[in-house]
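Below, each structure is written out as C-alpha cells.
Next, two complexes with chain A in common: one pairs it with chain B, the other with chain C.
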Partner chain A sequence: MTIKVKVVERPMEEVSYLRATAKGLALTFKHLVDPHKVTVQYPDERWDISPRWRGTHRMLTTEDGKAKCVACGLCPTVCPANCIKLVPGEDEDGNRYPLVFEIDEFRCIFCGYCQEVCPEEAIHVGRHYENAEYSRDRFVYDLQRLMEQQHGVCEMWDPSDPKGE
Partner chain B sequence: MMAPALFQAGAVSQMDPSTGVYLIAAIVKLVVIFTICMVGVAYSTFAERRISAWIQDRHGPNRVGPQGVLQVLADGVKNIMKEETYPNFASKALFILAPGLAFLPAMVAWAVIPFGSPLPTPWGRIDLVVADLPVGFLFTLAVTSIGVYGIVIAGWSSNNKYALLGGLRSSAQMVSYEIAMGMSTVCVLLLAGNVSLGVVVDQQARMGWNVLLLSVAALIFLISAFAETNRLPFDLPEAESELIAGYHAEYSAMKFSMFPMSEYANMITSSAMIVTLFFGGWDIPFTHWDNDAPWTVLKSVLTFGAFATKVMFFVFFYMWIRWTLPRFRYDQLMALGWKVLLPVVLAYIVIVAGAVLALDAAGVARGPAFGAILFGMNVVLLAVLVFALDKGRLVSPSYARLAQDRVARLRAASAQRSIVAGGGGQ
Partner chain C sequence: MTAPGGHQLVNLTIEGRPVSVPAGTSILEAAKTAGVLIPHYCYHPGLPVAGSCRMCLVHVEKSPKLMPSCATAVAEGQVVQVHEPRADEARKGVLEMLLINHPLDCPICDKSGECELQDFTYQEGPAHSRLRDPKRFNAAEDFGGDVLYVANRCILCTRCVRFMESVHQDAVLNVSERGDRAVIGRTEGGDLARPWAGNVVDVCPVGALLSKDFLNKARVWELDRAASICTGCSQGCNIMIETRDTSVVRLKPRPNPDVNAFFMCDHGRLDYRWMNRQDRCAAPATGAGESDWDSAVTAAADALEGRRAHIVASASLDNEVFWLLGRVAKKTGGTVAFAVPTGPEAPLPGARDLALRADRVANATGAGLLGAARKDDPFAGVGPGDALVIADLDPAGVPVSALEAAGAVVWLGTVHPGSLSKLNAALPVANVAECEGTLTNLRGRVQRHLQARPAPGMARPAWSALADILMALGEEAGYQTAEEAFAAMAAAVPAFTGMTYATIGLRGAVVASSAEGAP
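Here is the complex of A and B:
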C-alpha cells in the first residue's frame, strides 16, 4: 500500500526556493564571518556574579582568628531548611561560643536568612559557586571549614537602596 | 645535488618518461595523494565542527592544541580505543566488510583526477595524475557509485529496521541522482570531445571554464553531487530525526568512524570532480602561461595550489550548505531528481548539442569566442530556469506562509473530511 503524502498547494508568489536558499546562505555566512559569540569559555573566562549572589557559607572571624559567632541560636531557629546544627558552649569568662557549628549545604536553600538574622555579622552566604566534592559528607561544612573559606560574601538586599546603587 | 637541477628549465627533460620511471612515479603519486586525502578527510571533520559552530554562534572544539587543531588526533585515538560491538543477529562478514567498502571507492576515484600541470624532472615529464585513464570521468562515475554498496550492505547486515531503511533510501537516492549526474557530464563531453580529465582541463583553459559555458549542467552536477555524497539537504540515509543514525546505527568505534570518514572522502572527491569538470581543474584563472609548455616546477606548484584552493572551497561549500538548508522530505527528493533534474538536463543536452553543431557549422573556432557565445546562451537559459524554479515548482517548502483565503479553504476542507470520517466511524 502506498501512502499518499499530503502536499499542500500554496500560492506561487509566496513559495520561493532559490531565493530562500540564497537568503539562508547569506545569513549563515554572515554568522560565519561575524559570529555573535555568547559562550563564556568557563575555566578561562567567568561571568561576574551579582553582589547579592547567595552561595556557600562563610564564617567571619575576629582579629585573633576566632569565629565571630556568639552561639545565640538565631540562625538555626530562622533556618527554613533546618540545615544548621549549633551546640553552644561557654568559656570561663562567660562568653558564649559555638562548640559545634555545622551547615549541611545539601539541605541549605540559600535563602540568606541566617546572614540577615545574625546579630554579630558572623555567618554569611558567599559569592561562590564552585562547590564540587568527591563525597556526600564533604558537603557538611564544619566551623573550621566555614572559617577557612576566603571567597567574597553576599551584600544583602538593602530596602532603602532596592536597586543596589 | 638534484635540487638545483630541478629549478633549471634547461636541465630537465620535457620528454615522456621511461616505463620504470613511470612506475616509480605512479607509486610516489599514489602515496602522496593518499596521504593528502587522509589528512584532508581528518581535517575536514574538524573544519566541519568549527564551521558549524561559527555558523551557529558557538566556538566548536578549541581545547586540544592551538585552536583545537589536534582534535582530530584525539578523536582518532578515542575511536580506536573504543569497544567494538556486534549486534547479535548481524551478518558478521558483511558487517565488517561494509565500512571498508564504503570508504574505498572515494579514494580510488582520485586516481584519474589531474591535480597540477605536468612536472618536469631529470627523468622525464611526469603528469600530475595517478593514472590518466582513457575512460576518464566514466571511471569516476563508475567507482563512486560502488560506494552505495558499502551503505546498503551496512544497512542490510546490521539486521536493524532503521539501518535497513537507511540503506534502502541510500540506494534509491544514489540511483536516481546518478542519472542526472551522468547526463550532466555528457555536456562536458560534447565540448571537450573526450572523457579524459586531462583533455577536459585543457579544453576549459582554452575556451573558458565549463561553469560559464555549461552553467545548467554545472548546477545539476553540483546538486547531484550533494545527493551522491549523502550530504544535507539530501542526507536521508542517515536522517537522525527519523532513522536514529540510518545505515550506521549499529556500528561502533573505528568501524563507525569509517562511515563519516568515507562521507568526507566522498566530499573531497566530488569537490575535485566538480572542480575538474566545471571549474577548470588546475587551471589558474585569467592567465594562460600556466597551460602551455615549457613545464616548470613553479608551474606545477602553483597549479596544484590553484586546484587545492578550488577543492577546499567546494568542501567548504558542502559544509556551508549543510548548516543552511533543512533536510528534504523523501518525496521531494525523488521529485527533484526524476521530475526536475532529469528532464532539465536532457533538454540541456539537446540545446548544447544543437549550439555546438551550429557554431561548428558557422565555422567558429573552438576558443574564447566559442566560449563567449555559449556563455551568452547560458545566461539566457539560467534566467529562464531560475525564474521557473523560483516559482516553487521545484519543491514545496513547508514553511511558506499561506494566504488568508487559502487557510480558510483548507480548514473547510479538513472540517469536511473529519465529518465524513466521523460519520463513517459510527
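Here is the complex of A and C:
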C-alpha cells in the first residue's frame, strides 16, 4: 500500500538555513567581544560561597589541640540521616571525650543540625566543597580527619540579619 | 465507701479530675492515680517524707497558703489545683533557686535524659538565669562502692541520706555544712561499699550520685529497655535490662511492691557482664564438629536413645526448661539434678522480706517444684548406661571423671563447650537476657522475663531446643513460643495450674502450693 505524503510548498526564505546560521554566529561573536564573563577559571579562580554554606564537617579543637567534643551524644541523636557514630569514653584526667567519632559523609544530608545542637561548638559543617577521594571508605571521616580539616565553617545564620537566629 | 483493705475512701478533685483514694494518702500519690504528675524532688515513694524541697507545692481551695502535696493528706471534698498561677510561680521560684549553683553540665552528665531537674525545668522552669555571680564549686568525691558524688549537681533533696538512714539502716550519709555550703557528706571513715548502697544512685533525682560502673558509657536515651528478673539470687528482684547496640550496659530495679519494692542489691546490679560474654556457643555441633540444628537434635536424641538421662542443669534456667528437662528424664528413666552456689545473706532492713539471699541462683524453687533434685555434687553416680546432659553450665565446672564415666554427653549451653573429652551433641541456647521465660523465686512467685538482646548465631531458647529433642524421642512437644510451652506446663503441673503469661503479667503470681511470706 502506498502512503500519500502531503508536501508543503514553502518559500525559499523560510527553508534556507543561511539566516539561522548567521543569527547563531552573531551571538557567538557577540560573546567574543562582550566583557561580561560567566565561566569561572577553576581551579585558578573560585566562587565566593555563602557564609551559610553547609559542606563536609570539621571538628574544632581547644588550644591544646584536643577535640572540643565532650561526647554528649546530641549530634547522633538529632542527626536525621543517622550518619554519626559516637562511642563515649573517659580520658586520663577523667574527662568525657569521644573514643570513636565517625561521620559517614555519604549518608550525611548536610542539614547542619549537628552544628546547631552542639552545646560545645565542637562539630561544624564546613564552607567547603572539594571532597573528591580515590576510595569510598575515605568518606567516613574519623575524629583525627575531622580535627585536621582547616577550611572555614558555616555561619548557621546570616550574621548581618540578627532576626535570622 | 470503703477500699478493699477496709480503709475509708476519700473523694477529691485534682486538676478538675475526680479521684477516690484511701484516707491517709498524700495529695501527690492521689494525683498519680489521676494521671497528674506533681513535680517533686525530696519525695520518693520508698522513703520517709521530708517535705523539704518545696517543689510539690499545690493550691488547695480554701487553704490560705500553698500546700506541699507530698506531706498533705487528702481530705473529703478537697479541690486541688497543680497548674494555677500562684503554685506555678512558687515552683518556678524553687527551680530558679535550685539552678543557682547547678552547673548545667548536662552534655557530660550521665543523668541527662532521665534527670528530674532537667525535666521539670523544661516543663515549668525559668528560661534564663538572673544570677551574675560565679557558681559554687566542689570537687567530685568517690563515695566508695559503686557511687561517685558530684557535689556541684546536688540539690540537697536528702533522698540518699534518708535511704541510708531509714531503709539501709546504716546512716553513712549526712548533710554536712550549712546554708549555701551544704553538701552530702559521709560519716568519719564511712563509705558506700555496702550491699544495698547502690540504690542511692537510683533515688537521686539529679546527676549528683552516679554509678561508677556506668560512668560515661552511654546516654540514657540511646538505651533499649526490657523487663526482666535478676538471676543473682533466689529473691528474684524485678529489673530492667538496659542495652546499647544489643550489649547490656546496666541493670536497674523495676518497682514491684511484692518482691523488691524499688530496690536491688549491688551484687545483682553489677552482675551483668556475663550476659555480653563473647565465648558463646553459637552453632550446633555433633560429635563430628559443627553442624545444623536438625543433625545436632538427631545426634542428641540418638545419644539419649537406650540410655538413662543424667541431667545436670543450672538452677537459673527457666521453669519451662526444667519442665521439659523433667520430661526428658521421665522418658528415659533418668534424673534432673542441680547444685546451688551460696554466699552470705545480706538483708535490706527497711524493706519487707527483701535480702540478697544465700542461694545465688534464680530458680531453685521452680526446679524443685518441677521434680529436679538439689545436690551438692550433681555429677555423682554417672555410669556407662547414662547419657550426661549438661544444661547451661560452665565447661570448667564439669568434672572429667563424670565425662569419662558417661555413655554419651549432650551439651545444652550458652557457653562454648570448648574441648570436652566426650561430646555427642552441642546445642547453643539463649541466656536469660535473650529469651522469654518464667522464674520462680524463693517465695514461690512465678515471674516473667522478656527478651532484651538477640541470641548469638544460631542459638535458640533452651525450651525450643528441648522441645525438638522430645519430639525426636517421640513425645508431643510442638511449642512455637515460650507462652505455649508455659501453657502446656501449667496444664500438666498442679503448682502452676491456671497460670498464663497474661495472668502472671509483670508483677508475678504465686504458685498454688506455697503461701507468700512463709519461710
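The rule we apply is simple: the second predicted complex is superposed on the first by the 121 of 165 C-alpha atoms of A that agree within 3 Å, B and C clash if a C-alpha of one lies under 4 Å from a C-alpha of the other, contacts with A are read in each partner's own complex, and residues count from 1 in each chain.
The definition used in the following text is that a residue touches a chain if its C-beta (ideal position, glycine included) is under 8 Å from a C-beta of that chain, and two chains touch if they have at least 3 such contacts.
Just so we're clear, the structure is a prediction, and the values are computed from it rather than from any experiment.
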Review point. Where does A:Ile49 make contact in the superposed view: on chain B (first), on chain C (second), on both, or on neither?
Key: neither
Of the two partners chain B and chain C, more of chain A gets touched by chain B
Per the contact definition in the header, classify A:Val100: touching chain B only (first), chain C only (second), both, or neither.
neither
Key: Which of chain B and chain C A:Gly73 touches, first, second, both or neither   = second
Message: In the overlaid three-chain picture, which partner chain does A:Ile109 touch, first (chain B) or second (chain C), both, or neither?
response: neither
Where chain B and chain C land on the same part of chain A: residues none
Seen from chain A, its contact residues with chain B in the complex are 5, 7-12, 14-21, 24-25, 27-29, 31-32, 35-39, 41
Residue set of chain C touching chain A in the complex reads 106-108, 112, 215-219, 221-222
Counting only contacts in the complex, chain A reaches chain C at residues 70-74, 76-77, 88-90, 95-96, 119-120
Given the complex, residues on chain B that touch chain A span 51, 54-59, 320-321, 323-325, 329, 331, 386, 389-392, 394-398, 400-403, 406, 410
